[in-house]
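Down below are the structures I want you to see.
Consider the two complexes below, in which chain A is the common component and chain B and chain C are the respective partners.
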Partner chain A sequence: MLRKIKNKMNLHYLVLIFCITCIFVIMSIQSPFFLTWNNIDVLVNNFIMEAIMALGMTMVIISGGIDISISGILPFIAIIFAKLMLIGVNPWLASLIGLVVSGTIGLFNNSLRHVLRLHPMIVTMATQLTLKGLNLAITGGSVLSKFSRSFTSFTAQRPLGLSIPIWIYILLAVLFVALSKHNRRFIHVFFVGGSNEASMLSGMKINSIFRMVYVISAILAGLAGILSVTVYNSASYSFGQGVEMKVITAVAIGGTSLTHGGEGSITGTLLGTLFMAIVYNAFVMSGISTYYQDVFTGGMLIVAVLLSEGARAINKRTNQAKSLIK
Partner chain B sequence: MKRILGGLLVIVLLLSLITITVVAEERETENYSMVVFTKGAEYFNWCYAGMQDAAKTLGNHVNVELQGPSDWDASQEARTVEQVLAKRPNGIIISCADESTLIPVINRAIAGGVPIICFDSDSPDSDRLAYVGTDNHSFGAVAGKAIIDEIGTEGEVAILLVPGAVSMEERSQGCVDYLKEHAPNIKINYLNDEGDVSKAEQVTSALLQANPNVKAVFSTHGYGAPGAAAATRNLGKTQDICIIGSDYDSATLELLKNKEVTGTVIDDPYLLGYQAMMLVYASAHPTDVLSARPPFGHVPELIYGNCSLLTAEILADEHAAARYEKPPIID
Partner chain C sequence: MGLLELKNINKSFADNLVLSDVSLSFHAGEIHSIVGENGAGKSTLMKIIGGIYRADSGAVYLNGKLANMRNPIDAYRAGIGIVHQELSLADNMTVAQNVFANREPIGPIGFVRWKKLYQDTENEFQKIGVAIKPDVLVKTLSIGMQQIVEIVKVLSQNINILIFDEPTSALSDSEAQNMFSLLVKLKEQGKLIIFISHKLNEVCHISDRVSVLRDGKYIGTLEHGEIEEDRIISMMVGRDLSNLYPPKSSKLNGDIVLETKNLSRVDKFHDVSITVRSGEILGIFGLVGAGRTEFAYSLFGADRIDSGKVTFEGEDVTFKSPTDAIAKGVCYLSEDRKRLGLFVNMIVANNIVASSLKKFINRSGFLEFDKMQVVSLEYVERLNIQPANCISNYVSNLSGGNQQKVLLAKWITTNPKLLIVDEPTRGVDVGAKAKIHSILRDLAEAGLGIIMISSELPEILGLSDRVAVMNNGKLITVLDNNDLSEEMILNKAFNKHVVGL
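Coming up: the complex of A and B.
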């Protein structure tokens, strides 16, 4: 099963790498500023929050679920983090509290899903709406800012020329790629997503797998919220509007199947997020109306799903043919 | 033969001279960007039309573009400014979704030598060079006067706003101050409609049902009045509730003509865009005049435009109405 997925993913990677290369070449010819260090830096930084959340979302989608509460968690944790700092709590402690709260939200999502036997879409939508309401209630709609100078000067640091969120993302990406290949619990996510019943019969604790993926997804959304505060030196309920769609699209474009659990990869998601980041940057760079940005992204999502389904259908036919020959 | 060659030589020399002159007069292309939130809103299309016309006035060497997210999300707007900066523009004019979130990127741009002018919605704590907008306090006072003219000095008023948006809070305060001074018995209810027309309808409907004393609604932004009008229509209270909006678009003009909205306080978005473009160009071209913010050109820190109340009576005049109708369509 894993080999089939691997072959399918390799084709998907090739298509994605080809598309990314094409956009890179076209944009480099079209704009003298595209292939500059300054723009590459902006390109990566501008999609870094989505990229971080996409790592967690990949695991959720591979497990056969979905988590749309991230667009509520991001501003919620940003607001909590900002509030704590404004009352003088140490930023590291405030970050830790923020991550613990976001992990608890992930636990809550999974508990609701498990106890009420509801589809994850409904559960996480309810959490998202609740948190969005709370965000407004806590802030009264106003923007939290004016943090201490020591905090703003610390967050402005760029070790080796890269921003702190990029360093965090690099660490997370390496960790997730390694875990998804070598960690037993991460590998079990594929099996659980492929078939709940079979996984249960083979002795896997499927609820603990689900718990893990929802907690990871929520913690990464919380981390994105904290990092947003460090980037913008402010926290607002309006942060992260529609971010869940961008994240899900990046994951799907990366080859993780939205229709069938158990299929996908972190490497694909890395490529998917890179593709999205380039597309978003290319629209602004080229001066093409950003009205068409979502049209293009939506179109790419359809293509990604069709590619994924097409490859699945081909595999199915090949298997049928093989069994007939036998 | 010699004469022909001599003639040809003279022609070639003359042509070379003309070419050199033309090349010398050709100016280097300059690129300026307008970054807004809720890109696609008619208000910002008017602003951009003003910017385009200002660019035409300045010459063919000036290129302009409109950028920004379609959502009211300051973080997305800040990212757009970052992307625009990567193109090394000659200047940017920005309407800020909130006053704080864009401060880091505006300050970085200024430090990098790119002039930034805020228009419509300011970020006063940033290093921006100037603000072109409306005195929002006076703007709110115009609404306050219109409310008293309509409902008298008793009753309750609802104010629709997005807390944290400076321009709206100032408009709200201007209205409240005017009401406190001229009609101290009027009670104020603040409603957060998130700058969204359907949310405005929801919160207005809820308040009107819960509180029959509310006689007027003032929306501090362009999307509130159509939402409030939908609420009064659904509740059958169109004739009972005075709605004062802010700014204008096709929907608000139609509601004004139908008398579902009593009036809307307007500034001149076209002129805001025009003036902001002129200022950013001036700040990108320092002169011998000593500048308050070197190395940028000398520009005034604050320019306020006029504001007035637009009503159905004014729109009844075809000549006056033509000024507000047919909004520019921007890609």
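Coming up: the complex of A and C.
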């Protein structure tokens, strides 16, 4: 039976890999530039912030929650990071402060959820709005830039031809795959998402598990904010507009269930992220108006949810049949 | 001095006194049952022992020492484990992960040591003589097997006091038998087993001592040798229940309401032919997986019929959907009343009229709330739904038995001709059970045909006019309920098929 379920999981992966390959092949035929190193570089870098945040979002969604505050955190931390550097703080120290602040926001999200017993959608929406307001208030709507020469030359480095955000993403992705499969605390996230009550009765401290996922999600959003500054050499309130929807979509396309906690995987999210990145790139390359991107994203979200619900229904039916035949 | 002593326990929720001055003592190596009607305070008492609730006053002594348990973790440390009524397993995780939830063996960087986890799990199962693959997902197991996983999960934590809260309510008889032999084995290992059940035959069968609670008060304890069902019941209800079941049908030859000919659904049931007459209760008995519920689903239009014929009130019919079936006068009371039958977050009145809203629409298309109110009140009174002023209470606040009555009321308002009830008294206490039985009998006397699916043999024997026995998707036989015994029916139900767990 386990093998069967593993197959089901693999089926989802296979469908994704198949789609990705198809788009890849079609685009390579259609456009001579698609397979150039330059374009692949663009493709990857364009979706890298979403990719980083999708790792944290996956854990949040598996725990049965959601975190839409990331689109407020990303620019907020970018602005704090930029401001600190502009007043002469060392970039490393400024990064650290940025990460600590974002972690605190994650803590705040979870405390509101826990103390007020509010749905995480509401809590993180409030955080998102508040931070967006703060971003405008702090910057007055202007873009922060003009960082020191040493900073800009440091961030322009590309070890082995890959940009710094990509290196960080690779490290994080490997870490998250390993943690989500083998780390006890991460496995408990699946428990809590699958059955709150069972986890509590097993003596798990549920709130600390929730705290972990919201803090991780917020820190990754903060990290994405800092990295955005290094990429654009500026910080703006307009960073990360609507990014939460793209991230959630990537996670959902990767097979993590938005409706039932406890189901999903980081590996799926990696594939979902790759899929989204390629699709966005394909839009640009094929010259279709980018206005249609979100139309497509929305459609994909529905397809993804239908797919995972369909797989669920089939699974359930085979289980029922099995138990009858037993 | 017992292993576990309760002294003068008091507990109230808001103004509601749930336990009043309860003192009890338990010994190692005994199976001690706690019985009482719903609301008698059994579950609350167990939750106090298990550290989930704290008593307002009074004390719990373990081995003569005062135990101060603030949460379930403290209780586990003290060697007290609860096997819960609702399974507390995460069904998307494996058996091993569930058994060692929160206690997984981990290496230096917090990574789980899978090999050891699986080995440990297998060892724990070996202790009770069960072989199981530790990496199987819990949701793929039968309910009986899940229950065993739950028990092993509790046992694996150095537990010497085990509390079972309605452990067999979801099990078929053979699964329950397996569990009892497990309980006896554990008792022989010197553990204290505290057993809570509504099924008095089970209680009498396995208990060394039985203590009775009524309305939050301790009534008394029966020692081994004094344990008899009638005695327990009279202690529970405070009076003698001379006859547990209502009399049989007075008119056995009513018109045929429903007839099925060779009804089949692939993988679910085959060639089932039954008749139901108006005025009778046809009991359908079978072990879990016999295809009873599936058969009912198809009759009710909730699932397809692959072949065969259904005749309802002399007409050939195929119900395409439950709506269709309800419109013609067939009703189905689900065994899973909370999930499939009731809107637990709505008030009683709304639930009662939920399936017959059409009747309450006036000419301008609006609902007539006054009329709904009146009808609801009438049913609350007629079915003795408690508390009597409950029509604007939320259904989730009612006890199991009263919820079941609300569900019955909901269907009766649609004026059905045929009522299919699936496990009508699961998890319902003795008093409410008797009331539900007499309601069913009254409905039959009023001319309804009733199909009652049940896993409880006493209920099948006590209430049915005829008994159909199913096994493995097939109808084995239909017997008139004269001088039937539990053994006769069980033999039919096993029908020489080897039923493996």
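In this section, the second predicted complex is superposed on the first by the 319 of 326 C-alpha atoms of A that agree within 3 Å, B and C clash if a C-alpha of one lies under 4 Å from a C-alpha of the other, contacts with A are read in each partner's own complex, and residues count from 1 in each chain.
By our rule, a contact is a pair of C-beta atoms (placed from the backbone, for glycine too) under 8 Å apart; a residue touches a chain by one contact, two chains touch by 3 or more.
Everything numeric here is computed off the predicted structure, so don't read it as measured data.
Undergrad: Sticking to the clash and touch definitions up top, decide whether chain B and chain C on chain A clash or fit.
TA: In the arrangement built by aligning on chain A, the partners chain C and chain B fit side by side.
Undergrad: Touch test for A:Ser228: chain B only (first), chain C only (second), both, or neither?
TA: Touch status of A:Ser228: first partner only.
Undergrad: Looking at the overlay, does A:Ile87 come into contact with chain B only (first), chain C only (second), both, or neither?
TA: In the superposition, A:Ile87 contacts neither chain B nor chain C.
Undergrad: For A:Asn38, select first, second, both or neither according to whether it touches chain B, chain C, the two together, or no partner.
TA: After superposition on chain A, A:Asn38 lies in contact with chain B alone.
Undergrad: Using the touch definition from the top, say if A:Val115 reaches chain B (first), chain C (second), both or neither.
TA: Neither partner.
Undergrad: Look at A:Leu160 in the shared chain and tell me whether it touches chain B only, chain C only, both, or neither; answer first, second, both or neither.
TA: Touch status of A:Leu160: no partner.
Undergrad: Please indicate which partner A:Ser202 is in contact with in the superposed arrangement: first for chain B, second for chain C, both, or neither.
TA: In the superposition, A:Ser202 touches chain C alone.
Undergrad: Superposed on chain A, how close does chain B come to chain C by Cα atoms? Whole Å, please.
TA: 36
Undergrad: Based on the A-chain superposition described above, do chain B and chain C contact any of the same residues on chain A, and if so which?
TA: In chain A, nothing is touched by chain B and also by chain C.
Undergrad: In the complex of these two chains, what residues of chain B are touching chain A?
TA: That would be residues 39-40, 65, 67-76, 78-80, 82-88, 97-101, 103-104, 162-164, 192, 194, 331 of chain B.
Undergrad: For the complex, which residues does chain A have touching chain C?
TA: Within the complex, chain A contacts chain C at residues 1-2, 5, 178, 182-185, 187-188, 190-191, 193-195, 197-204, 262-263, 319, 321-326.
Undergrad: Touching chain A in the complex: which residues of chain C?
TA: So the residues of chain C touching chain A come out as 72-73, 76, 82, 84, 86-94, 97-98, 101-102, 104, 106, 109-112, 114, 133, 135-137, 139-140, 142, 153, 267-268, 289, 291, 294, 473, 500.
Undergrad: Hey, which residues of chain A end up touching chain B in the complex?
TA: 31, 33, 36, 38-39, 41-43, 45-46, 136, 139-143, 145-146, 156, 228, 231-234, 236, 238-242, 280-281, 284-285, 287, 289-291
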